[in-house]
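Please read through the structure below; I'll follow up with questions.
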Amino acid sequence: MDPKRLESLLSRVRSGEVAIEAALAELRTLPYADLGYARVDLHRALRQGVPEVILGEGKTPEHIVGVAEQLIRGGQRVLVTRLSADKADAVRARLPVLEYVPAARIARYRTDAPKLGGGFVAVVTAGTSDIPVAEEAAETLGMCDVRVERVYDAGVAGLHRITAQVEMLRQAAALIVVAGMEGALASVVGGLVAAPVIAVPTSIGYGASLGGFTTLFAMLTGCASGVTVVNIDNGFGAAMAVIRLLRARLEAP
Amino acid sequence: MDPKRLESLLSRVRSGEVAIEAALAELRTLPYADLGYARVDLHRALRQGVPEVILGEGKTPEHIVGVAEQLIRGGQRVLVTRLSADKADAVRARLPVLEYVPAARIARYRTDAPKLGGGFVAVVTAGTSDIPVAEEAAETLGMCDVRVERVYDAGVAGLHRITAQVEMLRQAAALIVVAGMEGALASVVGGLVAAPVIAVPTSIGYGASLGGFTTLFAMLTGCASGVTVVNIDNGFGAAMAVIRLLRARLEAP
Amino acid sequence: MDPKRLESLLSRVRSGEVAIEAALAELRTLPYADLGYARVDLHRALRQGVPEVILGEGKTPEHIVGVAEQLIRGGQRVLVTRLSADKADAVRARLPVLEYVPAARIARYRTDAPKLGGGFVAVVTAGTSDIPVAEEAAETLGMCDVRVERVYDAGVAGLHRITAQVEMLRQAAALIVVAGMEGALASVVGGLVAAPVIAVPTSIGYGASLGGFTTLFAMLTGCASGVTVVNIDNGFGAAMAVIRLLRARLEAP
Amino acid sequence: MDPKRLESLLSRVRSGEVAIEAALAELRTLPYADLGYARVDLHRALRQGVPEVILGEGKTPEHIVGVAEQLIRGGQRVLVTRLSADKADAVRARLPVLEYVPAARIARYRTDAPKLGGGFVAVVTAGTSDIPVAEEAAETLGMCDVRVERVYDAGVAGLHRITAQVEMLRQAAALIVVAGMEGALASVVGGLVAAPVIAVPTSIGYGASLGGFTTLFAMLTGCASGVTVVNIDNGFGAAMAVIRLLRARLEAP
Amino acid sequence: MDPKRLESLLSRVRSGEVAIEAALAELRTLPYADLGYARVDLHRALRQGVPEVILGEGKTPEHIVGVAEQLIRGGQRVLVTRLSADKADAVRARLPVLEYVPAARIARYRTDAPKLGGGFVAVVTAGTSDIPVAEEAAETLGMCDVRVERVYDAGVAGLHRITAQVEMLRQAAALIVVAGMEGALASVVGGLVAAPVIAVPTSIGYGASLGGFTTLFAMLTGCASGVTVVNIDNGFGAAMAVIRLLRARLEAP
Amino acid sequence: MDPKRLESLLSRVRSGEVAIEAALAELRTLPYADLGYARVDLHRALRQGVPEVILGEGKTPEHIVGVAEQLIRGGQRVLVTRLSADKADAVRARLPVLEYVPAARIARYRTDAPKLGGGFVAVVTAGTSDIPVAEEAAETLGMCDVRVERVYDAGVAGLHRITAQVEMLRQAAALIVVAGMEGALASVVGGLVAAPVIAVPTSIGYGASLGGFTTLFAMLTGCASGVTVVNIDNGFGAAMAVIRLLRARLEAP
Amino acid sequence: MDPKRLESLLSRVRSGEVAIEAALAELRTLPYADLGYARVDLHRALRQGVPEVILGEGKTPEHIVGVAEQLIRGGQRVLVTRLSADKADAVRARLPVLEYVPAARIARYRTDAPKLGGGFVAVVTAGTSDIPVAEEAAETLGMCDVRVERVYDAGVAGLHRITAQVEMLRQAAALIVVAGMEGALASVVGGLVAAPVIAVPTSIGYGASLGGFTTLFAMLTGCASGVTVVNIDNGFGAAMAVIRLLRARLEAP
Amino acid sequence: MDPKRLESLLSRVRSGEVAIEAALAELRTLPYADLGYARVDLHRALRQGVPEVILGEGKTPEHIVGVAEQLIRGGQRVLVTRLSADKADAVRARLPVLEYVPAARIARYRTDAPKLGGGFVAVVTAGTSDIPVAEEAAETLGMCDVRVERVYDAGVAGLHRITAQVEMLRQAAALIVVAGMEGALASVVGGLVAAPVIAVPTSIGYGASLGGFTTLFAMLTGCASGVTVVNIDNGFGAAMAVIRLLRARLEAP
């Protein structure tokens, strides 16, 4: 898959520097560490510019600690998402180097890293209850040294709350719009700015909000074209999509 | 049920003017005409201020003609909704007094009637494709002599299209907002005006719009409070809700 | 947006009374208070005749207190809905001026206000379990000084329970029908009265009642025309819809 | 399975009248005719008091004719349900002894049979569009010589249309209530009578009626207890349920 | 509605025995007791042969006690369904005359009553986990003095478990089949017997069993005709349907 | 991926027989033919023992012909599934070597091939309408020279129709059960035999059968353990699953 | 049903060795033990090669102990699935011979049994959170002496994690792929190997993963043909399907 | 909203150049053309870098022609999407300047425009049937002068079809992945490249593919982070999202 490494290997095979059996072995053993319960991908930072993120939900504290230690040992940044306060305590008891951010429900370990500079990303919410998801996005961006402007509680029922911010929004390199209920904010913001807009539906609301599916569908079918969507409550995924595009911009010729 | 009629009947029973058997019969035979396949309610106009409306969908032309004739004979206005052009031809061949309005898919027969005056109702659509449903509402209001202002194609992706109309919208006695997709227009309009707003979701759109259900749910869960909703594509129902409130206003002490 | 204020501002710009920069700033800063986590709309009472209501669900006690204080400081009434007893205790510990109504799960702070007089609103429930939602509606109406008549446990399986009340129901200025299960009461009441009827589906029931969605859909597709619907369990929303129409009636020429 | 037949067989085995191999064969060959594409159950009339009914939908005319011929040859009545007019023509071209009833979309062949006497069954519909399903039920009952009273277009939005018939409904041996939309009629009728009520949801309606599922769920969750439900548009199934109970009554000691 | 009572009232009006105002009042006050939160129907036992049953779920112990006392005072039997053990304790603390049956989650108060004799009803379950729903049905039948035969854990994966009982099942006056998962037992039993079969889907199972909806739909679409269905876990409703048909049989000429 | 081919390539690189650039190219060009609109996998027959099958639905006749020609040129068998009669005509006009089987809606081209011998596969259907799906499975098996026994119309409402075949079913190497509606046949057969059972839900039925989803869910949640399921109407997929296991058996040591 | 036993019984009837009444009784009493709440199938091990498994969920500890004791008394292995740690304690207090495996949430009792030898089964998971379901499958296979190779955390977002294992996967006799979210691993593995693949969707994930239904549907509609699917989280069912095919292979001529 | 225009207007108001009434009027009349049935946004090209696109579905040919003429008159490019061949004929009869692209179901009118240069966008499909949606995306990108590389029929069941293209995919500025069924291709591609990936679910497939919803949900819940999603079959929306990010890159400092 990695053509340069393959070419080098083949050269060393030709020169006799590497035995055929060793080459076969190397071709099979790609750089991940097998912990039995997890295969930790140590080269993702190289491949995708971000560390392998650990989804805290559904994992035991032991598994989380095991994977995080492996990443730290590999010299990588660590981000654990959807980590409840209780589980964070259990994890940090064994790995105090991790810092917990309750508002975003994440734990993190940061090393120095090259900055993804150039402008800022606006993180906008429709209501106060959408803030935890927005914070997950904002903290993930922070992990990658991206500057964030927060615009919270700017839902469309009081249209002036969003229109008053238009100028700032139009200067953002990208926008993450976090909303529940009918998700109209994504359409309105998408119509007001030309930059990339990632919409995050939240599971806020009751009855007809269907645990976030109404918002998800509303955002997918919304009338502002070119707005893309991630899974319900997936602030982390929205941040990762922004990082993909900021990196692509950096590397553009 | 009708206390005055009951009181009068009882008086006539006491006076011997009406025999007990006859009273029993009358108490059982309320004023509807039984056509075998339909029981036509001839007093609805009195009870609710609007004629019994005939839902054209799912009825044979023979049944539609039969019911309409009965109403006309009873001196009432007639409104047939969801009537395809083909079926309208078959119906009008036998009952040419009915007038067909293709844009609204309705047929109607009007008599003079007291006006539901006082101001106008704004019928607003998000897009061009929502117009047939809006016309069904507008024509139904017209049947009851309510003045209508149409504001079509004012979706929120171009916010200025709706904000430019705010002043007029604020003067409406009531508003009907017809929208498909994420239905954000209902929230935005609901936040801009204080008058009653009836939202009508339309089945416009594809994929995640779920044949109108995403819009329906989005409108129900929308962030502007006090907006009420009717069934998908039910322009007629929205008009009837407006007529209920205009009549209530007329009769208010 | 507010044409009078805009005209006055422009006049003061022309007269030199207001500098262009100041005018620009004012045009951008509409009257809301930005608390960081919330943008409190202080003029909604003016615009829509009701205070900004705080949805208690999904907010921390700190956020609820913060917004409520801002509203009280602005001289406004306060209504917090969907507030659990536990959270109410935490909120009232800091803001004892709020009064808690457990049956309706709301907290409120009332000031004197002009009355929305003229008649009464009937709040009808199908069963005993629908009462909390009905109380949310009734208390919200009470906040706006609207008189309420309660008719509870009048489901259609014992038809005489509702027909016995017909005369009173026909005198109501508007009706809120709260029902779970098949929601037939909305159709029956809608057929008996000519006044506006707002139907509130409740999440009462099990299995095929689908957490209120069967009732919601049944009410939307019900056979009495002109009945409109709000979200499941949304007694507050129904009350707000009634307030919109009572205000519109007051202001009618 | 059939204990008497088994006992007799065993006796004949003991007496040597039947060879063990023959007994084994008979125990395996139960009385159905294998046509390759169908196994026609010739004893169902004996077992369940009704002929095997042929669901016309999804079968070729050849298959329908083949099964019907086998039943007629076996001296049985034949009922083909959900048979479109086109397919009926193709079937009757080969088997003219079948009579087609377009209003019920059934074809039938009747022989003399013992009557399921004792009273009548009321078939009630909410609207005119529900009539085809009601006719499927009525014709199926007719096939079994059950007397039927039809009460059509008696929906609850005009409550007097059903209350005027209460006395007759209370005399029915059983009731089939056919309704679309919110299906409230089943609850209302179920509350008015003590006899068995079978509810049939129809696929009439649009939007929130969900092709009949809203009605189905509403009927299942309806507030009149002891009402049972069959599949959407399944007039035939409702009739069969009534026949089961009429037969059980006949045979009761 | 009650024609005899109406006729007598009219006679007394004619004779002057009853004043018109009094007659009007009586015509409006049908025999229910209004407790504010509930309208207790004291004549249901007369009208439908069963007491008004109290659905325990969603009611406070106070409300349950209030309604039950009213019924007991009216000389009626009482049945409280879906009553958790905790709530039962609270209820029985105030009304120790009620007896609690934990396996069926019901509380009951029995008086002597005419028996619904004639045979027995078979209550069949597919698995062990379906027993609580079956017991709700069996206990409700017991309340009305109907004899019950229980056949539990007879699912179709071991077909011999049900075929071994065929003879007994064929002698039942009616059958209640309680099953979760694919609900095949209802089809199999429906094909084996000619008597009325009421199917009760249960919410047993996980994943694709959809909380009982797969079973519900499977039973509705099952291949044995004339099987009818009640709501998920609604053992009570199935028993009530059986009581309707047993009573109808008793009263048949 | 293919270790032997990789080892040989590496040997030839070491020996200088193959240049590094050529090795790189070969490592990248795996054996598929790129037609622009399709990448035809010519080695699937080797890898998986079956030809690449062409799903006819959603492809133009031109695309089908192009892919089929490529496969025939590669010396492979061809199977086109879900091919309507119309499209089959258009395809066979250009490629008459294909044979069309209308009952199974497939077109095929056969070459000689090693047989997957050893016993037979039983294909069982619940009803007559399930036959086309069963034929798709049977014909696909026939393509791979597997012997098939058909048992059609053996639904559980007439239990003797399936129990009469038990002995034969128990001798099958594997069973494919094709059923619509409640899909009970899969549970019953799964309980009667020990061999692998693949269940195929069909979209036969109306209303609560949900276009096959009720059957799908019922089969997934069915009470006979070890029954596996394929997509709705996917007779082809069931046959492929059987071929996987017959091949595995052949190759077992 | 069991032809040999039937033949022998008939012979003994003919010879007079068995009385007709006794034969009738025996024909009715098939080999299950009726515990009142359960009918324990003592011959399933003979019929299907596996013990009757007890689904722990939804049963009381008393019922579990009762059934397990009956099986142990019958000389059979016992497997209790979906048993929470709490309930396991209650069960083992009475039946300490059962061994509890927390990672798989099963309890088991093993006797010596013939081995299902010949190769191994690969159990593959996409993520760490899928391990409990995989363990349920692996432990069930272990109960039947099948060798298992575990490949955990090999999801497709890091494709090299699965491709590195291809050689081993290709040697497996059958594969169980356990995955949540989009379930792509089943398609990828199905395309890489020719052996039978059973896919198990898990309920891991949030929002659009719909509690496992997205994975279930994705696996059913996946592009690798011949992959079959079991219910969500049903590791046990997948193991049983593998056992069916391993046994069939053993018994193949 | 447009601060510069507002500032200039205010300056001209101060200088007396513009009367207050005229300023008020201008503030209200934003630059759209009101056609009655549509409000054509003539400045969107300026605001968002793309012309207003006309969704052909659900509009009459007259409306399409009217809007397109207005845009052409305004000197803008025109793109009509989801235009059937029939409707395209009707539109082009009146506006022959439009060019129709059947493979993408779009009509277009191009003028010279500044190029969005810099690299290329890869459009990848899983199957042949996904091509029309991919072409809609590719043609929309072409309208904006973006270079496109097409990689069609590269589904994951033959993994080598996609891995062979990895090098090229890694050089793309952005990727659009179009897939139906389980949509695994989006996860696999997302794991292989670091650039932005927009996933487009298609409605290809049957049964469990749920008309594209399974793919939609699978893509949303997929395991490669940072992949975003648009509505089902929305090739146009994916292209617009790419254009947003390419423009943002161009304008980045």
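The chains carry the letters A, B, C, D, E, F, G and H, assigned in the order they are written, with residues numbered from 1 in each.
Convention: contacts are C-beta pairs under 8 Å (C-beta built on N, C-alpha and C of every residue); 3 or more make two chains touch, one makes a residue touch a chain.
Everything quoted here is computed from the prediction, not taken from an experiment.
Which of these, A-B, G-H or A-H, gives back the D-E interface, meaning over half of its contact pairs coincide by residue number?
Among A-B, G-H or A-H, the interface that shares over half of its contact pairs with D-E is A-H.
Between C-H and A-C, flag the pair that has more C-beta pairs in contact.
A-C
Mind checking the centre-to-centre distance between chain E and chain H? Centres are C-alpha means, answer in whole Å.
Centre-to-centre distance between chain E and chain H: 59 Å.
With chain centres taken as the means of their Cα atoms, state the distance from chain C to chain G in Å.
It comes to 54 Å between the two C-alpha centres.
For chain F and chain H, what's the span in angstrom between their mean Cα positions?
38
Which residue numbers or ranges of chain A touch two or more of the other chains?
Those would be 1, 3, 158-159, 163, 167, 192, 207-209, 216, 220-221, 225, 231-232.
Applying the document's contact rule, which stretches of chain F touch chain H when the two form their complex?
Residues in contact with chain H: 1, 28-30, 32, 36-39, 41, 44, 55, 57-59, 63, 67, 82, 201, 203, 212, 216, 231-234.
Spell out the residues on chain H that touch chain F in their complex, using ranges where they run on.
Going through chain H, the ones touching chain F are 128-129, 131, 152-154, 158-161, 164, 167, 204, 206-209.
Can you check the complex and tell me which residues of chain F touch chain G?
1, 3, 47-50, 53, 118-119, 163, 166-167, 173-174, 192, 194-198, 216, 220-221, 225-232, 236-238, 240-241, 243-245, 247-249, 252-253
Write out the stretch or stretches of chain A touching chain B in their complex.
126-127, 155-159, 163, 181-184, 186-188, 190-192, 205, 207-210, 214-225
Give the list of chain H residues in touch with chain C in this complex.
These residues of chain H touch chain C: 3, 6-7, 10-11, 13-14, 16, 20, 23-24, 27.
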